[in-house]
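Next come two complexes, and both contain subunit A; in the first it sits with subunit B, in the second with subunit C.
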Partner chain A sequence: MNKIKSFFSSFFKKDETKTVVTSLWCALLGLVLGFVILLCINTKEAADGMATILGNFFVFQNADDRWNYFGQTLAKTAPLIAMSVSVLVCYKAGLFNLGASGQYSIAVLVITFMGVAANWPWWLVMIGAMVAGALWSMISGVLKAFFNVNEVISGIMLNWIALYLVNGILTANSAIWDSSHSEAYKITDGSNALIPSVGLDRLFAGNSIVGLGMILILVVTIVIFVLFKKTTIGYELKATGFNPDAADYAGMNKVKNILVATAISGALAGLAASLQVQNGFTSWRLSSTIPSIGFQGISAAFLGGLHPIGVLFSSYFIEHISEGGSMITDLGFAPEVAGIITSAIIYLAGFVAFLKEMIRKSEVKDELRRLSRDKAVKK
Partner chain B sequence: MDDVYAIEMLSITKRFGSLLANDHIDLRLKKGHILAVCGENGAGKSTLMSILFGLYEPDSGIIKKDGAEVKITNPNDATKLHIGMVHQHFKLVDTFTVLQNIILGEETIKEYRGHLNVFKRCFNWLNKHLFKIIDYQRARAEVQQIIDQYDLRVDLDKKVKDLSVEMQQKVEIIKMLYRKNDILIFDEPTAVLAEQEIQGFLQILRNLKKEGKSILFITHKLNEIFEVCDEITIIRKGKSIDTLAVKDTNKEEVSAMMVGRKLDMNQTKPSPVTGNEILRVEHLTLVDPNSKKRIVNDVCFNVRAGEIVTLAGIDGNGQQEVVYGIAGMKKSQSGSVFLHQEDISSYSVRKRIQAGLSHIPEDRQKYGLVLDYSIYENAVLDRYYEKSFSKCLFLNQKSIREYGDELTEKYDVRSSGDGSTVVRSMSGGNQQKIIVGREIERGVDLLLAVQPTRGIDVGAIETIHNLLLEQRKAGKAILLVSLELDQVLALSDRILVMYEGEIVGEFTPDSVDKETLGLYMTGAKKDKVNAIKENGHE
Partner chain C sequence: MIVVLSTISFLVAYACILTITALGGMFSEKSGTIALSLEGCMTVGALCAGIAMHLLPASLPNGLSVLIVLLAALIGGGLYSLLLAVASITFKADQTLAGTALNILSTALAVTLIKQVTKTDALPAGQSRLNFTRFYEMFNFDLFGIQGVKFNWLIFIVLALIPIIYVVIYKTQYGLRLSSCGENPSSAASLGINVGKTRYIGILISGVLAGFGGLLLVTMNAEWEFANGANGFGFLALAVLIFGQWKPLSIFLGAFLFSGFKTLSVVYPSIDFLANLGISSYFYLALPYVVCLVVLVFTSKRNAGPKDLGRAYDKGKR
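Moving on to the complex of A and B:
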């Protein structure tokens, strides 16, 4: 009996367990808050609305429809995973990649030219997108490494520069700009630049946007996991993130590490763009706001406990409720409501670190109380 | 003699865990006098002053002000009793003007002084409790009066960040006077000042005294004490040794009392067998990028195989920076560093490490360890890239683990678990053993050890002393930086005393006593030294 007890107590004291528990709490809190918002808007339909958000593709009666929409959720999760891993890589190295959206935008620009206009093979386009993202991200890296410019500030600035740059260049090229929809032309079926389905579309009831990308992102996530766990590069990046002074002392090259971290991170943001656009589902839309995927990536990274494997689940969760949220318009909710709910949940994800701290503090308090009780008993 | 005491601290005791910081210390400050509180680093001065200012509560002992017992549990109590303190690191808001800083927290609130009685009451009540509109005009007049009275010229409208350190200190002083404090505590106020600024500061102290303020002056610079103070209380290892009237004593007596005449640690060590020169430092100069002060000024010395050379001195006289300069962690302004006759001055930190330099840094948590890494990961912090620990970018976890286990075993590193324990959870002594072990095990010829026994328990200190002596016996060159004279005398073969960035004295431990070292460390005595020793020229 005691053995089991001690196993559980040590299990719950483990840092990983704590992270998982807090993440689950945050997700739950977010859902409760979302429900409260639904209740405020329309008391009658709130329960149904919540069920739709949580159910997502389960709301369909038809098995084929379910598979189809499940596939769609998965396919849309892939870029979010890439984005959150991008944020995570920088974070581990002590940097905060708030410029992921900008890197994503530049990558979309490159994809549109290489994929839509030039019709290059998909893998070449993907590499192009990653290189573009990496280079854009390294602008922040260079500024940080050589001039000590805060990467958060430069990242935000570069987001806006990228946004208007992409808007400007794409709209000026009538060959790739579909002005009637005010968006760039999508990558069409049969194009070289389309990421192949490798038969996965048949598994998901012919949903053609499901494809190799999902497998690729799993592989990349595992590569990043291994990078941090097993390689000298990861060892250096983490040391720099945990304690830059000690990294200096040990002779690690700060400039190199900043550049490596920003380059990997940017490449992953570029990959996110590739996974988003190269399935022919979406393209660049004229917009005056920064693509939100970069910020969702931050939420997913934190909700996933800043762990590559945790990020897989948190990204899916966020995408799942976003997709579900887009369906509640059928129940008479305004389409914006879905946005409110999902952002409430996503923002609560940022509470992970905060909650973890609360748990730690309450543990310390318990410990102190126990100590003082012991003292009292002795007296 | 008028025995009116402004402050009496009687039998103050304060314990931090196992460390007895203050052990029944008595301190009496006479009204209108300047009392110097002096002692070595870690003697307990700052703790005592923090108790008086309410930052710590004493475990036992009483404090009396003007003969009546008072309770000071937080700085607000101290302020109410008109006790003010200028901390070593100023507590000013950089982006506020001088005037704003001075009145911060004690703002003069606007008052309506007209004849409309009802309006006057309403307005004044509302302003006092709600709007709190500041009456800068009146505040300025009050501050100006203080400035004139004490001759403390400062531009009230300048922002604090644009002021020199000397001026910022004046602002701190005016701040205390504005709060009508009559007991003023200065915690090592001259440590941040240049020589001529110190004279100005001492003049301010005299002015304050003339106006009837009672002053506690913490310092270990004896010259200053003998210039302005009336009495000296000497504290050593948490105990008050004695209180003397300045006119009845001399520097030699005070410095002897400061460092203690206790017998040295009974460590017999064989005489050194010095070999080839391993490290040579020539004309090394480091400039602080902020203050543009020369923190290391034209320092020359060498360390030969088989000897321990110690840089002694009071904290902050440039010893640590010399080591940073050698290890490459701070850029030197000029001068060169030779390791095995090879000029390494332009090398990166990594290249210097590879050239054969190991370094036990002064601050183990800031530099020496990644606290969130495990023992294993920290054991290879500066050699993870070596062939034995990694193969084409992949860490060799198995060999790292084996090596880490070997290290913990050999250097008796204790933790709650195995080598995968995160070092943050370990005690300071055990953390230090990881670093010492790691650096010694690299097996290179030069070891830089900066305060290797700082803040660790007696047992671990002894272990580390023995390890250093073993390394010396094995023919390694060791450069030690230490603030503790006992340690300096017990371990060194040559002692170089540093004062304000320069080497001001060179001694061998058997030809010098603590009193003399104390004189050199406090700047009372100075020699011109070039400490490069050739073999056979001794």
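Moving on to the complex of A and C:
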């Protein structure tokens, strides 16, 4: 009995457990806020609306439909995981990757040319996207390393530049621009650039957008996990993130670490674009706002406790409620309610450090009380 | 003639939007908090003004309507900025994270609420675009009586506020205390200044001024697409703030540089020589941000920003 008790008490004292508990609280508070907003908009339909957001594919009666939409949610989670790992890599190295959306946009541009126009094999297009994302991201890195430009500001500016660049180049090429739908042509079935489905589609009622991408992103996430846990590069990146001056003093090259971190995270943002576009489900749409996936990546990264494994779950959660959110238009709600929930979660994620500190303090207090009581008993 | 005058009108209006928002950001940053949420505060200011303009009955006298809309924008921006203050001061959250969250939240909130108020039987889902021609006529007048050249009244308020803000920052007790909290909060606290309270007020002022900027931005137009938020003006204002090295007068001058390129993206089709070049409109849209990046390269080396910018004040720390 005591063994179980001590196991539980040590389990709850673990830092990871605290992160999970506080993240769950954030998610819950975000959902409560979303529900309050639904209540304010329409009291009668609010419960149904919330059930739809949380239910997502469960709202379908037909089992095949459920599997189909579950597959769709999973397939759309893959790029989000890549995006949040991108944010995470930078954050570990002490940088904030607000420019992920821009890196994603540039990668979509490259994919559209290499995949739709030139019909290259999928893996080559994927590599191209990753290189493009990395190079775009390294603009921020170079500016940071050599000119001391704040990477947050340069990232924001590069987001807008990328947006207009991609809009401008794609709309000017009638061969790849479908002006009747104001979007680029999608990668069609049977194209070389399509990521193969490797039979996974049969698991999800023939939903062909599920495929090798999902396995790839799991592998990449584990590689990043190992990178930070076991390798010298990962250790140097983390050290630079903790204290750049100390890392520099210890002989770690600050400039190199900034460039490596921005390159890796840019490549991951490029991978996100590849996983999003190369299943033939979406393409670049003409837009006057920055793609939101970069910001969703930030929320997933923080909700996942900035841990590669945690990010897998938080990305799925965010994609799940976003997909659910797109279904509530039938009830007369704006799908942006899901956006309110996710952004509220990022806001609340900022409190995680504070909450963890509070938990730690209360534990110390408990410990002191126990010690003084034990003393009194002994006397 | 009309082209020249309307170009000047755009130039001044954009410069004033950037100036007032950047000056707001200055209050926040001088007290030690990164003003990343300027874009969000502008959006919410614009949102509150938009809702007020949509709901106010036409029977109300024009002066009163304008006043209510103005107050809605200021209060909206101010209250929204308090969310940043609570996160970054009371809960010592990462300021970049909180600011980013508020920027995304503002657009989601704006679209949801505008869709809610524009709901009609014919349009059950509502729309995120709001038309307010009636107020456009109230906020703008024909410059020199020439038809087609509009000038916003609010610009005069901005021009009047610039010297006032200059005096507040450099000549009043409050302004000097504000700067001390951003430079060295521990010494400020040792002299009996309440660092938390001063920072709260700094952020509140930044939100109110950004809300004003948002109002000026939307009332330059007869309609506004709220899905675009504040169209990136908040971020440009942040760049203006850095370019102006956190000094009010430099900010005002710097705003004209960015405003110039922003104006170019609006007026180039009506300038024959530029229209004939056949360059994509997206090039002109991207230009202000490219200029911004280049300018940052030259200004970031010597960092003249507040020394304690971005750090939460911790009493226990030395």
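FYI, the second predicted complex is superposed on the first by the 326 of 379 C-alpha atoms of A that agree within 3 Å, B and C clash if a C-alpha of one lies under 4 Å from a C-alpha of the other, contacts with A are read in each partner's own complex, and residues count from 1 in each chain.
In this section, a residue touches a chain if its C-beta (ideal position, glycine included) is under 8 Å from a C-beta of that chain, and two chains touch if they have at least 3 such contacts.
Computed from a predicted model, the values in this text were never measured in an experiment.
In the superposition on chain A, A:M252 makes contact with subunit B only, while subunit C stays out of contact range. In the superposed model, A:R202 lies in contact with neither subunit B nor subunit C. Once the two complexes are laid over each other on the shared chain, residue contacts for A:R285 go to neither subunit B nor subunit C.
In the superposition on chain A, A:N243 makes contact with subunit B only, not with subunit C.
Look at A:A344: by the touch rule set out above, it reaches subunit C but stays clear of subunit B. In the superposition on chain A, A:F147 contacts subunit C only, with no contact to subunit B.
Touch criterion not met for A:K44: it reaches neither subunit B nor subunit C. In the superposed three-chain model, the partner touching more residues of subunit A is C, compared with the other of subunit B and subunit C.
When both complexes are aligned on chain A by C-alpha atoms, no subunit A residue touches subunit B in the first and subunit C in the second.
Within the complex formed with subunit C, the residues of subunit A that make contact are 37, 41, 96, 98, 143, 147-150, 152-154, 156-158, 160-161, 164-165, 167-168, 171-172, 288-289, 292, 295, 298-299, 302, 329, 332, 334, 336-337, 339-340, 342-344, 346-347, 349-351, 353-354.
If you check the complex, the residues on subunit C that touch subunit A are 36, 83, 87, 91-94, 96-98, 100-102, 104-105, 107-109, 111-112, 115-116, 119, 124-126, 225, 227-229, 231-232, 235, 238-239, 242, 280-283, 285-286, 289-290, 292-293, 296-297, 300-301, 303.
For subunit B in complex with subunit A, the touching residues are 327, 329, 348-353, 359, 361, 366-373, 377, 381-382, 384-385, 390, 393-395, 397. Remark: subunit A residues 230-233, 235-236, 238-239, 242-243, 245-253 touch subunit B in the complex.
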